[in-house]
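The letters A, B, C, D, E, F and G name the chains in turn, as written, and every chain counts its residues from 1.
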Amino acid sequence: MSALSRRILPLLDRVLVEKIVPKKTTPAGVLLPESATAKALNEGKVVAVGPGSYTREGQVLPVSCKVGDTVLLPEFGGTQIKLDGKDFMIYRDDEILAKLE
Amino acid sequence: MSALSRRILPLLDRVLVEKIVPKKTTPAGVLLPESATAKALNEGKVVAVGPGSYTREGQVLPVSCKVGDTVLLPEFGGTQIKLDGKDFMIYRDDEILAKLE
Amino acid sequence: MSALSRRILPLLDRVLVEKIVPKKTTPAGVLLPESATAKALNEGKVVAVGPGSYTREGQVLPVSCKVGDTVLLPEFGGTQIKLDGKDFMIYRDDEILAKLE
Amino acid sequence: MSALSRRILPLLDRVLVEKIVPKKTTPAGVLLPESATAKALNEGKVVAVGPGSYTREGQVLPVSCKVGDTVLLPEFGGTQIKLDGKDFMIYRDDEILAKLE
Amino acid sequence: MSALSRRILPLLDRVLVEKIVPKKTTPAGVLLPESATAKALNEGKVVAVGPGSYTREGQVLPVSCKVGDTVLLPEFGGTQIKLDGKDFMIYRDDEILAKLE
Amino acid sequence: MSALSRRILPLLDRVLVEKIVPKKTTPAGVLLPESATAKALNEGKVVAVGPGSYTREGQVLPVSCKVGDTVLLPEFGGTQIKLDGKDFMIYRDDEILAKLE
Amino acid sequence: MSALSRRILPLLDRVLVEKIVPKKTTPAGVLLPESATAKALNEGKVVAVGPGSYTREGQVLPVSCKVGDTVLLPEFGGTQIKLDGKDFMIYRDDEILAKLE
């Protein structure tokens, strides 16, 4: 992932994710049918994570995913950010559904 | 259950369930009446579980069902996922009603 | 209560109740007036209970009714389940109003 | 209060109250004006109480009224129950406004 | 304040207040303009207080006003009660704005 | 600030603030344009503060501003009070945005 | 940042941010297309921070950004303040998305 013009450091339990846009064509350049891209998973790459959130007693709860993870994103929620022409989303750690391997 | 093309690792207290689609025909191939399939339980097979959720003091509360369990699913809620042509749902542990034996 | 084709094991603080349907006729077979059945209590028999819910510190709080209890059910809430032609409901322990003796 | 055909044992912090219906006539049988009954307090007699509710740490908090108390009821809330031709209500302890002496 | 026909003992953190109705005439009997009464403070006299509310750990938190205090009442909320022709209100301790001296 | 006819003692974590009405004319009496007063900060002077609110364990959390502070008020919320022809507001400590020096 | 006519000291966990208005022209004075400014990040400079918020046990949780930080602001929320012709916003620490480097 090429370096960004500026570094975004999420606060508290937030996670910065670069959306993975499903490919529209096969490696050979053949256009994929609409149905194929529609069924692609809503996923993204973790670019940066916050320090974590506080418990009621002031302890820090670490975020459950780390930079480089591929994660499964929820249908709704998150804040959209455009930087250097790329699509990023900021979620709370608790909104992210799963890791993908 | 044949291996999936990708592994989905639920985060926190989430549970990945593969929906059990009620059979439409008898083993001998006779079509079952609509009423039979309508009354089938809304159930699924647990495919993967998260590490659990945090209590306020930062302790981890384990998820109450485990991989391989057959579980009774709520009417609403959960996030739908399609992978390798199969229907999966992701629920919070707290949404799942019961185990079925 | 005849054995069910499958065992339903409620999770967390849930309670499985078989609804008690008010009799429509007297023991001698005489049809009871509509008003009689309308005034019958909304009650059921506890068939299975979950292990209980967690306190914030991760302790388990046991469910307050046990298998075999006859209980007074709330007007709303609960999840309906049909199994072997019988009507069951799953409630949270906290939704059940009272025991009936 | 004549014994009921069945005993209702409220669960958790619930309170079973028999509604006190304001008298429509004077002891001598003279019909009271509508305005008199309209101004009567919304009160009831405590018939049974639950064991109490749990604090977050699993301690039991006793209910604040006891069997035999006359209590002032809120305008809304509670669950209505008819048994042996009498009107009962089930409230949470926290809904009941005051004791009346 | 003349004794009431019945004693009202608020439960938990509730406070029983007798509303102070702004005078419509001067001591000499001259009718006050509407604007004067409209600007009167919404106040009342504390007649009885409950024992207090429970903290999560089951400790009792005392109510912050006492019998005899003149208090400033919120615009909304509270439950209205008429007894012996007088207007009373029951509030939660937390709803009462201030003491007036 | 001239003494009020009556003392208002806020309860719990409430703060009594006298609104600072933006001047309409310059010291020399010249009328200020509407736009000038429109841009004035929504501020007030703290006249009295409550003892503070309780934590869950019954500890008292002191209010974060003190008598004499000039404070920045939120656009909404608070309860309006008129006394001796002056405009007062009662806020919860948590609603007040900032101190102004 | 030139000194303000008055100092604003945020209370509790609030953060005072001066909005960074995206430049409309290039350094040479050429007008930038609407699309360029539309894609600018919603950011601001931290001017002052509060002492922090209280945990349930009365501990102070410090604010997670400090004076001089450039921060990424949420689309909604915050309170707008105009002072000395400049645009400021007051947010809760928890509303601010990330730091920008």
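The rule we apply is simple: a residue touches a chain if its C-beta (ideal position, glycine included) is under 8 Å from a C-beta of that chain, and two chains touch if they have at least 3 such contacts.
For reference, the UniProt names are A, B, C, D, E, F, G = Mitochondrial chaperonin hsp10.
Every value quoted in this text rests on a predicted model; they were computed, and no experiment measured them.
When chain B is fitted to chain C on its Cα atoms, the angle of the rotation, on a 0 to 180 scale and to the nearest 5, is 50 degrees. Centroid to centroid, with C-alpha atoms defining each point, chain E and chain G lie 44 Å apart.
Rounded to whole angstrom units, the spacing between the C-alpha centres of chain E and chain F is 24.
Along chain A, residues 56-57 each make contact with two or more other chains.
Starting at chain A and stepping first to chain B, the chains sit round the ring in this order: A, B, C, D, E, F, G.
Note for the complex: chain F touches chain E at residues 6-12, 14, 16, 48, 50-51, 54, 56-58, 79, 81-83, 90. Interface residues of chain G facing chain A in the complex, by the touch rule stated above, are 39, 41, 55-57, 59, 61, 64-65, 71-72, 74-75, 93-94, 96-101.
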